[in-house]
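Each structure below appears as structure tokens.
Here come two complexes built around subunit A, the first alongside subunit B, the second alongside subunit C.
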Partner chain A sequence: MDKIYKALAEIVGEEFVSNRKEELYIYSRDSGLSEPRFPDYVVMPRTVEEVQKIIQLANKEKIHVVPAGASLSLSGLTIPQKGGIVIDMRRMDRILELNRKGRYVVLEAGVTQGKLQAFLEENAPDLCHSLPEAPPSATVVGNLVIHGQGNLTQAYGFNSSMISGLEVVLPNGEICRIGSCSLSPYWFSIEPLPYLAGLFLGWFGTTGVITKVGLRLYPKKKLRDVELFVLEDPKLVSEVIYRVTHTEMAEDITTVAQPYPLMFQGTIMIGIYLTGDTEEELEFKRRLIWSSLSELIKAKEGGFMALTPDMKVGFLEKPMSSLTRSADILKGGGFVYCGAIIPIEKFPEALKKLFEIAERNGVTFAHTGRVIGRGHCMMFAFAYPFNRADLERMEKAKRALFDSYVATLEIGGVPWKPGAEEQKLILERMDKNSVELIKRIRELLDPNKIMNPGNWEVEL
Partner chain B sequence: MSMELHRCFRCGWCKLPSDFVDYNCPSYAKFRFESFSPGGRLWLIRAWLNRELTWSENFAKILFSCVACKNCAEQCKMRFKDEIVDWITSAKSLAIEKGLAPPKVRDFLENIAKHGNPWGLPRAQRASWLDLNKFEGEEDLLYIGCECAYEERGQKMAKNVIELFKIAGLSFGTLGNEEECDGNEAYMLGELGLFQELASKNTQKFKELGVKKVITISPHAFNAMKKYPNRDFEVLHFTQLLLELIQKGKLKLSELDLTVTYHDPCFLGRHNGIYSEPRKILKSIPGLKLVEMKRNKENSFCCGGGSGNFVFDLLGGSESPARLRVREALNTGAEILAVACPICKAMFEDAVKDEASDLEVKDIAEILLRSAERI
Partner chain C sequence: MQSQNFVLKFQKELCETCPTYDCLTRCQYLNIDTKTAEREIRKLLNGEDSFVLHECVTCYACEEYCKRGNHPFYLITDLQEKKGILPAPKPIVKQWVNLGIPDKKDIPHFYGAEEPVISLCLFPDFVDSISGKLFQGVSIVLGRHFFCNLVYLHFGKPSLIRERLPKIIENIASHGFKEVVFFHDECYSTFTSYADAYDIKVPFRPVHLFEYLYNRLKELKDEIKPLNVRIAYQRNCSTRLTPEKEHYLDKIFELLGVERVERKYDRENALCCGGIIRALQKLELFVEVQKKNVEDMKKAKAEYCVFNCPACYSSLAERVRKEGIKPIMLHQLCKLALREEPR
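Our next item is the complex of A and B:
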């Protein structure tokens, strides 16, 4: 038996380590279009101490390590670019603490969005976390580590800004706590200490393995509703967002533009989600939002679309399964998207680019988006479904995806959760001193270069 | 099949129940590698068919540890959801056709083909324990099934059902040693030829005897017979008939001070949509308190015994589905875990022993009989 396999089996137990071809095959790819790259081992730890021992072993053996959640980024972030050990974190799935009055929860890195959602439903039905539209099998930490967004992002910013504490295994195997939990039993705040959390968020596992997280919870109102504002002129989208966010009455604001069904062609739909504990509260918010858009309605620039109860059910589902279902639009089991983080006034430019890219590459497309903060920026998705059994279509979607990353950078945006190739595009354009800082931080934290190599790799 | 497999996105909804409370795919919950999830399994089947992967012992384990509980089809959000179990069954079928099935699976099927039961026990033993007249044109045929005929715990369950039918004054008989395997596991393991043969034998036998209505004890038999081509007889699960008997006043029930939780068998629940009858029976017993496990009805978590795993048990061990389910039952505070399937009963009784738990596993007929006998 090879010595690394044996050592891993001693750490986690033989049933939770594999170097069998079936596991290596599955962990060599995700549901997106990144090239498969095979790991040498897959391992599933249960405790932080086991993670620590795996990292210590990796340092000793100079073998690469790739931490993984549900591998649902669609951009290959947990595909081992240079082989090594994939650490599937999903056996660490305990919710350790709920502080109801302090509105935070402490959980292990393998807890899924669905499990946390169900836990809160049962134990704190008046609280919720910011839920992304990813499938419920996605992990909470996976979303945080890529600076994901959720239904509360419009009100409170990126989900990663809702972190109240972290436990991390550093690349040298040390266990490190960040925030109030580093000096107190309470995981209530990252601030006011030096902001070390930034060393681990957005780095895609290249600076350590997050093993626990403290996450802020927010009031969950008893009622939730959605209004759909429809307009044709993309230039007015930022105005609509500005007006609605200014009321501070919306929970979430999303955008959709797609060629199908035909009735939606040429339109942009802005989903405005409202919550309230009473019908009166809901109605009050609804009136303020309608009033904020009344001038546009009077000028016939747009209007609210009546939604049937069936349509509302789909829009109000948490998370929305229709987004997952879009992977089967071409009966093909796949879609990819470039999530561009852009200033809201760049919406028309981004939409124009999307149409151009789709036409140039001959691909089906869709746009979905979400407002981040009170209109401080938005995530604009250039999305392309593809057919996994049609190599030509896959190639076209891949080219369209790459063009979308380039377009994002051209219009002054920042690609969200870019894959290894797209990270290079970003690093090429980034301020040289910022790039140098990234390099120095990685060298300092990970002198043996074991952590998820191929990602944020600076070659100066 | 290979034309459609690529449609799986591997999004993972299929692993969970509808409220997401925990993993609900038995093989994924047990092994935790993505390869053992429904999506992982479908991607591996596609890779095998495309010759990207060759057959191996591990792949065989991945394929045959699918218990066909149908949670994946219940929870999948795609339009092809109803085909998922068939795709996996087709892959098993192909493996069997190519002679690649693991020895335990092969023996299981050979025993059914040769001896009419998965253990290879003599046909003469099938009804040796049964003190009941053979079917001679009675109103109902009670189909005992392999799991009840050859397994002591199943026999006890069958005796409970028979006793209740007698109390209710039902006219019924059995086929005794002439009973043939129902073929459900052959179907789910992809041995469709064997299934068709068994279906044909049973249909022919029922026709010869003039059987109009078959009452099954096992939901697996119930499911299989529903699939029989050219079926000209009615099939009921025993819980459906018991409820009818209670509602007609043919079973008088006395008080039982018990707290019970009920486990939905996959082949009664998700495969055939029968959720309310067993619950109505339990609720009809005065004093009995029915408490639900978190995962119930469409979200029920399988015992891990389906698709032959009650014999070759690829999912055994400290985190087996049956042991996980027993822990969930214990969390309800119930003293009894009620079942409506002889396979679930055996799986849970073993799990309770392994967990060193005080929880009692009782079939619904036993609980009902206890109440009925007190009158």
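Our next item is the complex of A and C:
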């Protein structure tokens, strides 16, 4: 038995460490199109102290470490680029505290979206967290680390801005708390202290392993409904979003443009979600939203689509399982997307690029998007389904995906959760001093360069 | 075949000599007095612009209000299209136009091959409900190849109906069906009223679902257990095109042992379900019409609201349910009386 395996087994117990090929296989890939790469070990810690010991071991042995949740980024962020130990956080799945009046919850890094959703439905039915359009098996922290979005993003910003506290194991093995929890028993706020949380969000596990998080919760209204505003002219999308966000009546605002089913071809649909505790509240909000768009309706440029109850059920499901079906339109279980964070005014340009890329590469496409903040920006997904059994199509989808990352940068956007290759594209274009700062921070926190190598790696 | 080959059979002099102008004065949404009606009808007859063309909610009712056998509603929709007046926003119209295009990938759906044949139009969700004693031995067809397209009357695109209809008729006729039962009232009205108004030949006999249900229920009469409930009936727009089959409905209700409540908004005075009013982006009117309608049902102490049209059901069912009235499709009500599970 090799000494690292033995040391890991001593830390977490033999049943929670593996170097068996068939188990490493699972961690060598994700559902996207990144090249598979095998780790040497996978380990499942139960406590922060165990995580600490694993990191200390990795430093001692100069072996790489890749923290992982459910590995659902689709861009290979938890695929070990240079081997090493994958730390699967999913055994750390306890919800430690619910502060109902303070509207926050403290949970371990392996808690899944589904578990938190179910917990809140049972223990705090009038509260909710910002739920991403991800499978219930996705971890909450995984979504936060990549600056994910959810159904409350339009109202409150990126999900990562809803963090009220962090516990992190630094690359040197020290355990560090961020926010009010660093000096008080309460996990209510990151602010007004120096904003250290920024050292761990968007870094894809290169600056430490998040083990606990304080997460803000928000009022959950009893009723929820959706309206779909339909346009033909993409130039009007930013105007619609500006008007609707001005009302402050929407919970979530999404965009959809896709060639299938045929009914949707040539149109853009803007999903406007509204909530209320009573029918009166809901109808009040609906009226304000309709009224905000009355000029466009009168000019016949846009209108609200009639949704059947069945369609509504699909749109209102949280998360939307219908997205899984539409992602698999070509069958064969393949789906990738480039989530571009763009200024909303760039929507027409992004859509044009999507059409061009799809045509150039001969691939089927779809667009979904989500407004972030009160129209401060949006996530614009360039999405490409493919059949995993069709290698030619896979290759085409891969090319289209890469083109989409380039297009995002060309129009002035920022790719969301980019893979290792796409991170290089970003770093190439980034201000040199910013790149240097990233490098210095990594060197400072991770002198032995053990953390998730290949990501945000500045080559000088 | 191009749509311009089909011309509306319309007798101008019938309107010019009309003593009532019922088509407009009875409109429940435009509030038109006799004097205004006379003036606006003359404009329409002369092919001139009229506020009617812009504000019509396309409920189809004027077709029924006209007792002289003319086609005021078809005239309105033809003029809307001629003048480029879209009752709904362009993108909404586009979606509806796209909806009816038979895609190359579309496969005509058949369940069985023998007559009697029921066409389910574009309502695949109802396939499972065409079952049990009521529909024993029935074959089903559905899909865009059999889609009547009449819905474009709502969207200022009637020529699309005439453009697509010959092919749809051909699709149906090519199977050699002598009779086709139409589940969707709009289909029936297309192949009867609309086809007739434009002199489009239909080489099979369109049978309305009411007629089929009535005949079948008579055969199953001994197995019916009267429901003894009070029902409100929600008419749909296309029933205005073919009121001649409405008599079956009362006979069906009688067989089922249900009481069709007397209420203000029934029969010729029926209100639109609201669906199309909302699609035309008239939110306030939609809310008002649904409210008036449901309150009328409640006042009449209806226990069920019976629908003939799936689109009306979609639009109004949730609203009536919230008021404690059970929404149900007519054929499902019949199944209840036969003690079958309404799927």
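Points worth noting:
Methods note: the second predicted complex is superposed on the first by the 459 of 460 C-alpha atoms of A that agree within 3 Å, B and C clash if a C-alpha of one lies under 4 Å from a C-alpha of the other, contacts with A are read in each partner's own complex, and residues count from 1 in each chain.
Definition applied: contacts are C-beta pairs under 8 Å (C-beta built on N, C-alpha and C of every residue); 3 or more make two chains touch, one makes a residue touch a chain.
Owing to the predicted nature of the structure, the values given are computational and were not obtained by experimental measurement.
Superposition note: with subunit A as the common reference, subunit B and subunit C can be accommodated side by side. In the superposed model, B is the one of subunit B and subunit C that contacts more residues of subunit A.
Within the superposed three-chain model, A:R388 lies in touch with subunit B and out of touch with subunit C [touch as defined at top].
Once chain A of one complex is fitted onto chain A of the other, the partner contacts of A:V230 are limited to subunit C, with no touch recorded for subunit B. Of the two partner chains, neither subunit B nor subunit C is touched by A:G69. Using the contact criterion defined above for the overlaid structures, shared-chain residue A:G334 touches subunit B, although it does not reach subunit C. When the shared chain is aligned, subunit B comes close enough to touch A:T112, but subunit C does not.
Legend: residue contacts after superposition of the two complexes on their common chain; A:F16 is shown touching subunit B, with no touch to subunit C. After overlaying the two complexes on the shared chain, residue contacts for A:E121 are found with subunit B alone; subunit C is out of touch. Of all Cα pairs linking subunit B with subunit C in the superposition, the shortest spans 17 Å. On subunit A, the surface touched by subunit B in one complex and the surface touched by subunit C in the other have no residue in common. Those residues of subunit C that touch subunit A in the shared complex are 86, 88-92, 94-96, 98-99, 101, 103, 125, 275, 278-279, 281, 283, 287, 314-315, 317-318, 322.
Residue ranges on subunit A touching subunit C, taken from their complex, read 230-232, 262-267, 279, 283, 286-287, 290, 296-297, 300-306, 308-310. Interface residues of subunit A, counted against subunit B in their complex, comprise 15-16, 18, 20-23, 25-27, 30-31, 42, 44, 70-72, 88, 90-91, 112-115, 117-119, 121-122, 135-138, 321, 324-325, 327-328, 331-335, 387-389. Here subunit B touches subunit A in the complex through residues 3, 6-13, 15-16, 19-22, 31-35, 40, 43-44, 47, 52-53, 56, 58-59, 62, 77-80, 317, going by the rule given at the top.
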